[in-house]
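These are the structures, in C-alpha cells.
Here chain A shows up in two complexes: once beside chain B, once beside chain C.
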Partner chain A sequence: MRVLSVSRWLRGAVRAPSGGPGSPQVPQPGRREREVTVDVLDHLEHLALVDFRDSEGVERLQKAIQFADQLHEVNTDGVEPMDSVLEDRCLYLREDDVTEGNCTKELLKNAKEKVEEYFVAPPGNIPLPKLEE
Partner chain B sequence: MAAAARGCGGVWCRVWQCGAGGSAPRGQCSVAGSARSAAVPAGKSGLAPWVPVVGLEIHAQISSNSKLFSGSQVQFAAPPNSVVSFFDASLPGTLPVINRRCVEAAVMTGLALNCSINKRSLFDRKHYFYADLPAGYQITQQRVPIAVNGTLSYSLCTDNKMSQMVTKTVRIKQIQLEQDSGKSLHDDTRSQTLVDLNRAGVGLMEVVMEPDMCCGEEAAAAVRELQLILQTLGSSHAVMAEGQLRVDANVSVHHPGEPYGVRTEVKNINSIRFLAKAVDHEIQRQIEELENGGTVLNETRAFDSKLGCTVPMRDKEGKQDYRFMPEPNLPPLILYDTKSLPANMNHQQVVNIDWIHERLPDLPSVKRAKLVEQYGILPEHSFTLLNEDGLTEFFENVVKHTQMKPKKVIGWILNDLLSYLNQHSLTVKESPVSSSILADLLNLLERKEISSTAAKQVLVELWKGEGKTPLEIVKEKKLELIQDQEALEQICQAVIDGQENEVMAIKAGNHKVLNKLIGLVQRRTQGRSNPVLVKQLLEKKLLE
Partner chain C sequence: MLRASLREVSAALKEGHVSPTELCQRCLALIKSTKFLNAYITVVEETALKQAEESEKRYRTGQPLGVLDGIPVAVKDNFSTAGIETTCASEMLKGYIPPYSATVVQKLLDQGAVLLGKTNLDEFAMGSGSTDGVFGPVRNPWSYSRQYKEKLVPKSHPEDEDSNWVITGGSSGGSAAAVSSFTCFAALGSDTGGSTRNPAAHCGVVGLKPTYGLISRHGLIPLVNSMDVPGILTRCVDDAAVVLGSLAGHDPKDSTTVQDSFKPFELPNLTDVSKLSIGIPKEYHAPGLSSEILALWSKAADLFKNAGANVIEVSLPHTRYSIVCYHVLCTAEVASNMARFDGLEYGHRSDMNKSTESMYAATRREGFNDVVRGRILSGNYFLLKQNYENYFVKAQKVRRLIANDFMKVFRSGVDILLTPTTLSDAVPYTEFIKEDNRTRSAQDDILTQAVNMAGLPAISVPTALSERGLPVGLQFIGRSFQEKQLLTVAKWFEKQVKFPMIELEEVKRHDHGVFQHQKSASFS
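Moving on, here comes the complex of A and B:
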C-alpha cells in the first residue's frame, strides 16, 4: 500500500519548534498527543493566510492532525511514495497555437475593483496580527 | 571602488588607503592569479584575503506563440489582461495542458549546455501568496527537472586591450520548466497594486548555475554567452530590457580554507552591465560589513541602478516556506530518443531528443572558431563580431564584395564602423553606411586609387548618409591619389630642394628623417600621394 507524502509535511509542521517546519522525521510510537504551540500556529497562519481564530479552531486543527497521523501505522519501508494516480500516463503535449485569450471584459466582471482594465489588489500581502496567547 | 583587473583570479584583498584628510578608506582590489594558488600575501596588507562566491539563477522566457500550460498568446506590451485565458486567471475548473514547443525549447537549451536530459521529469507546485500569482502557487519542476548537470563555457579578456582571452566554465546544476507570474504595478499614492495577468503562465526556463564564479565580470560574461546561445537556438529572444532574461545573483564571501559565508540574493538587475556592477558592489559591501565586525544577513536585496548599490528589498518578511507538493494534474513528462521510441506512437506526442540534437544550429563558440579559420581573424575579433547583432553578416558581406583581405577588412569593421555606431548609439541595422558601400570604398583603397587617410575622409562623408557613393565623394573632394609619376617626382624634388638639413642627415645615414620628407610631400599633395611610392622616389633620389 502506498502513502501520500503530503501528510509528512503536516506532521513535520506541527512539532516542538526546535525541529523547524518541513523536516520530516519518524515519530516515536505511542506519542499521539502533540501540542500545537503558539509559534507553530503563527507560522502556519502566516503561510496559509488562514485565521484559526479561537481555541475551537485550534482544537479542530489538532484533531485533524491526529486523524491524519494514523497513516503512520502503516509500514512503508522500501516503498516509493506515489504522488499521482496518473503516474503511468504520459503528459499530453499540445501544439503551440493561440486558441484562447481576448476575454478582458469577462475576466474583469468578477473583480471587486478595477482601474482601466487592471485588477486592483492591496499593496503587498497583509499579514495577520500576531497571536497573543 | 577601483575595478578589479579584468578576469579576476578569484581572490580579493582589501588594501586600505590612508588618505590625507581622513577620507573614508576606499577598498582597492588587488588580484591574485588563481584562487587555488597562493593568495595575495597577508603580510602585504595585514588583512586576510577574501574569496567571493557568485552563483546565478537565470529565468529565460521561452519564445513560443502560446503559453506553457494554456492557449493564450505570448505577447509583450499587449493591452492589460487581453492575452489571459481562464486558466491563467486561475478560474475554478481549469486545468494545465503543456505546450510541446516549450518542451522542445527546454530540451534544445539543455543539449546546448551539455546537460543530461531527464527522459522522465515531474512537475510541482511552489506555494506563495502574491497578487500577481492568482493560483497561489507556481507550477515548476523542483524534484526532477527536465535537464541536469551541464556546463557553460565563456571567455574573459585578461587585459584591457582584449588581446588575451581566457576560457572559463561554470557548471549548470539544472534547467527546469516553470510558469511566469503576472505583473504588479505599485501605486503607492493610492496604496494599491494594479495587476496585469498578460505575463501569467508564460513559459520560463530556469537555468540554475553552480557558484563557480567569483566576480561581476565573470557573471556578466557567462550571462552574455548564455544570451547568445539562447538567441542562436531561438529558444528565447533573451532581451533583458523586455524582461525575457532575468538574472538573480547569489553572493557570499569567505576566507580561503574556511566554509562558505552567508549569502544574499540580489534581484532587480536589468542589464548585463548592471549585473557586473551589482555583484561587485555586493561583494564589496559584504567584505566591508565583515571587516567592520558586522554580519551578513541571509536576505534578498535589490540593485538600485541610480545609486549603484544594493538595498534590502521590501515585502520579504522572514524566510519563505514554499510547501512544495507534486502537481496532481500533470502526469510525468516523458521524452524519447531513437532507442527508446516505441513503434506506433503518434508523432505529435513525441519529443525525440536525438532528433532535436541533430538539428541544433552552430553554437556561438563553433561560429567563432569557423570565422577565425575561414577568415584568418583573431579570436578576440570573432567575439566582437558575434557580440554585435548583425555585425558578422555585415563583415561577411563586405568580404564577399571586396578584394581586400579579410584580415584588413576586419580592422575597418571594428575600428571605424563599430566605433562610429557605438558613438551614435546605432545598431548595425541602422548604419547609414551599408556593407556594399563600405566594400566599394575598400575597393578604391585596395586598387590604390586613394590613400587610407583619404579613405577615412570619405567615410566621414558617408556617415552623413546623403546617398553619395564613395567614388562620387572622392571626385568631389579631389581625393584621388596622384597617378602621374612625373608630377609626383617633381613634388618630391621640390621638397628635397627645400630641406637641406634633412637631406644631409639622410645622406649621412639617418634614414628615419626620410619620414619627415614623406610627410612634407603628403602635405603638399594634400594627402593625395601614395606614401609607399613617395618613399621609393625619395630613396631613389637621395640614396643612389
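Moving on, here comes the complex of A and C:
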C-alpha cells in the first residue's frame, strides 16, 4: 500500500516486489530513474521555503533520494525504529514554571524590522506562486 | 610556553612563571600572525584581556578557580556566546548577537578560562572540510610545517606554492587549527558525524566526542539533535580529560543530559594492558582506505598485542549503512531545525516584501548556502507523509541495527574498538573542492559516523606522520559513559607512539618575534 502511494508521487518509479526476509526488498540504486514531479516540488517548496527552483537544486534532490534508496537493501523486519540512544532512561523534565523573562528588549535587538514591541512581517496569507511545468 | 599542554601551562600559572595577561597577549599575538589560517571568525581581544586581568587578580590573591583559570580557549562559532557574534559561518546569522551563552561556554567562563574567540567551520557545521563556510576555508597549519614542506615535490612556478595547502577536515576545522597552531590550549568543537574527530586527525591534535547525554547541548545551535555532542580538541589526552571534567554533568536546560553524577577524573598511567580486549572491526577496512593508514592501523593493533592485550577481529555488519542512514536522519532533523531561520526575529532578512512567505523564501535563499538548502529540501522530502515510513522510519530502524552491532560487540567482552579516523591524510584544498559536499561528507564521515548513531564516546589520537608529512589519527571507541577507560587506553597509546610536534615554518617567517620569544620560555 505504502509502495503504491509513493510511486503515485514519483514519475517512473519502478519497484520490485518485496522479497522474503534476508533478500533485498528493492533493487540497487542507480537502476531506477526517478523523477520528482512538479506537484511534489511545489509542495516541497511550500514546506521548505528555500527557493530552490533551479535545475541544479532539483538535480541535487534527485541524487539525494537515489542515495537514500540504498537503505532499502537492509532488512529491517521486526526492528523498532530508534529515536534516541537514551530511550531506556528516564529523562529530566523540569517543572512547568516560568523561570526566565523580562528580556523583551534583548530579544528584539536582533530583529531587523519591528514596531514598538512587535516583530514586523510582510502581508500574510499570500501563497507562493505555483511552479510552471 | 604556548606549545605547552593545558596542564603544564596551568601549573606554570599557579607557580607564577607566567601571568594570565601575558599568556593571553601572546596567544592574541599568535592569532594575528597566523591570520592566514582563517581559523578564527571572531577574535574578542578586549573581553579576553579583561577576563585575563580578572584571572590575574585571583592568582594574586591565591584564589584561582581551578585548573582552567587563566587558560586561553577558543569555541566553535556554532555555540552561543552572550554578547559575542555567533554566525555558524552563515550569511543567515551574520551580525547575530546571542542574549545567552551555551552551558558549556558558561562553564568554561565560570572556571576562569579566557575566551579568545570563535572559530571557523563549515556553514551550520555541515561538511567535512571546513571549506564551505561564508568566511572562506580554514588552512591546515601543517601545510606550513617543515615536515610537510620538506616532502613537497618542488614546483617550478613559485606561484603554485599557494595551491599546496591542505584542508583541516571538518566541520570543526577552525578549532582544530587553533589548537594545532598553538593559538589556544583547548577548543570546543561539535560532533554529529565526526566533525570533531575528523579535523583533529588531520591537524594532529586530540579530538574527543563524549557520550551523547554526558555534556549539555544547550546553546549549541543544533544540527541533528539526536546525535549532536559538544566535542573537545586538545594537544594531548590528559588535557581532554581535564576539559571533559569541567564540562560534563547534568544540565537542567538540556533534558537529554543524563542525571547520573559525573566525577572528574585524572587518568592513571596504564602499565599493564594484558587485561584489555581490543576489538578491530573488519568493516572499517573500508573502500578507499589508504594503504598507509591501513599499515598504521595494523601497527597499532600489534602494539597492543605485543603488550599483552587481547586483540580480536570483530564485525559491525551494519556500519556500512551508517552514512546513508545519517543522510536521511540528518536532513530530516535539519529540515525541522532550520525552520526557525525566517528573517523575522533574528539573523538575515531579505528586502523582498511582497508577502510573508516570499520574504521567508528569499531570506532563506540568500541566507543559506547550497549545501544547507539542499539538506533542508531533501529532509522535507523524506518527511513527506507519503515518504515518512519509507525513508525516515526506515532510517530509524537501520539506526537501531547499527547501534545494536556495537552493543553486541561490547557485550561479547570487547573493551575498546580501534579503527582509523580518516581514510587518508588531508588533501590539498584544490583537490578537495572537486567533489560536492554530500559526496565528500559521505566519504569522510564513513569511519566516524556510526559512533554517533549509537551515542558512544570516541577519541581520535594523533598517531604518526604520513609519507607526505601530514598527521594521521586513529580512533578509539568505548562503551557508553565509560570515558575514563577510553581515555586511559588512549593515553597509553599516545605515550607509545610519540607523535612529533608541528614545526611551523611559515609562522616563524610571518612573525619571527613571537616564536623566538616563545622558545626561550618553552617547557620542552
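We adopt the following convention: the second predicted complex is superposed on the first by the 96 of 133 C-alpha atoms of A that agree within 3 Å, B and C clash if a C-alpha of one lies under 4 Å from a C-alpha of the other, contacts with A are read in each partner's own complex, and residues count from 1 in each chain.
One rule holds for everything that comes next: contacts are C-beta pairs under 8 Å (C-beta built on N, C-alpha and C of every residue); 3 or more make two chains touch, one makes a residue touch a chain.
Just so it is clear, the model here is predicted, and its values are computed rather than measured.
Looking at the shared chain after the overlay, A:109 reaches chain C, while chain B stays out of its contact range. With both structures placed on the common chain, the touch criterion links A:92 to chain B and to chain C.
Touch criterion met: A:47 reaches chain B and chain C at once.
When both complexes are overlaid on chain A, the residue A:63 reaches chain C alone and has no touch with chain B. By the touch criterion stated above, A:80 is placed in contact with chain C alone, chain B being left untouched.
Annotation for chain A, partner touching more residues between chain B and chain C: C.
Legend: residue contacts after superposition of the two complexes on their common chain; A:117 is shown touching chain B, with no touch to chain C. Of the two partner chains placed by the overlay, only chain B lies in contact with A:101; chain C stays clear of it.
Residues 5-6, 9, 43, 46-47, 49, 83-84, 86, 89, 91-94, 103, 107, 113, 119, 121-125, 127 of chain A touch chain B in one complex and chain C in the other.
Within the complex formed with chain A, the chain C residues making contact are 96-97, 99, 212-213, 226, 250, 252, 255-259, 318, 321, 324-325, 327-328, 331, 335, 342-347, 349, 352-362, 364-365, 368, 370, 373-374, 376-382, 384, 386-387, 389-391, 393-401, 403, 438, 442, 454-455, 480. Of all residues in chain A, only 5-6, 9, 21-22, 43, 46-47, 49, 83-84, 86-104, 107-108, 113, 115-125, 127 touch chain B in the complex they form. Residues 64-66, 70-73, 79-87, 89, 97-103, 122, 127, 129-131, 184-188, 191-197, 314-315, 317-318, 321, 323, 325-326, 328, 330-334, 348-349, 351 of chain B are the ones that touch chain A when the two sit in their complex. Interface of chain A with chain C (complex): residues 2-3, 5-6, 8-9, 36, 40, 43-52, 56-57, 60-61, 63-65, 67-68, 70-74, 76, 79-86, 89, 91-94, 103, 106-107, 109-113, 119, 121-128.
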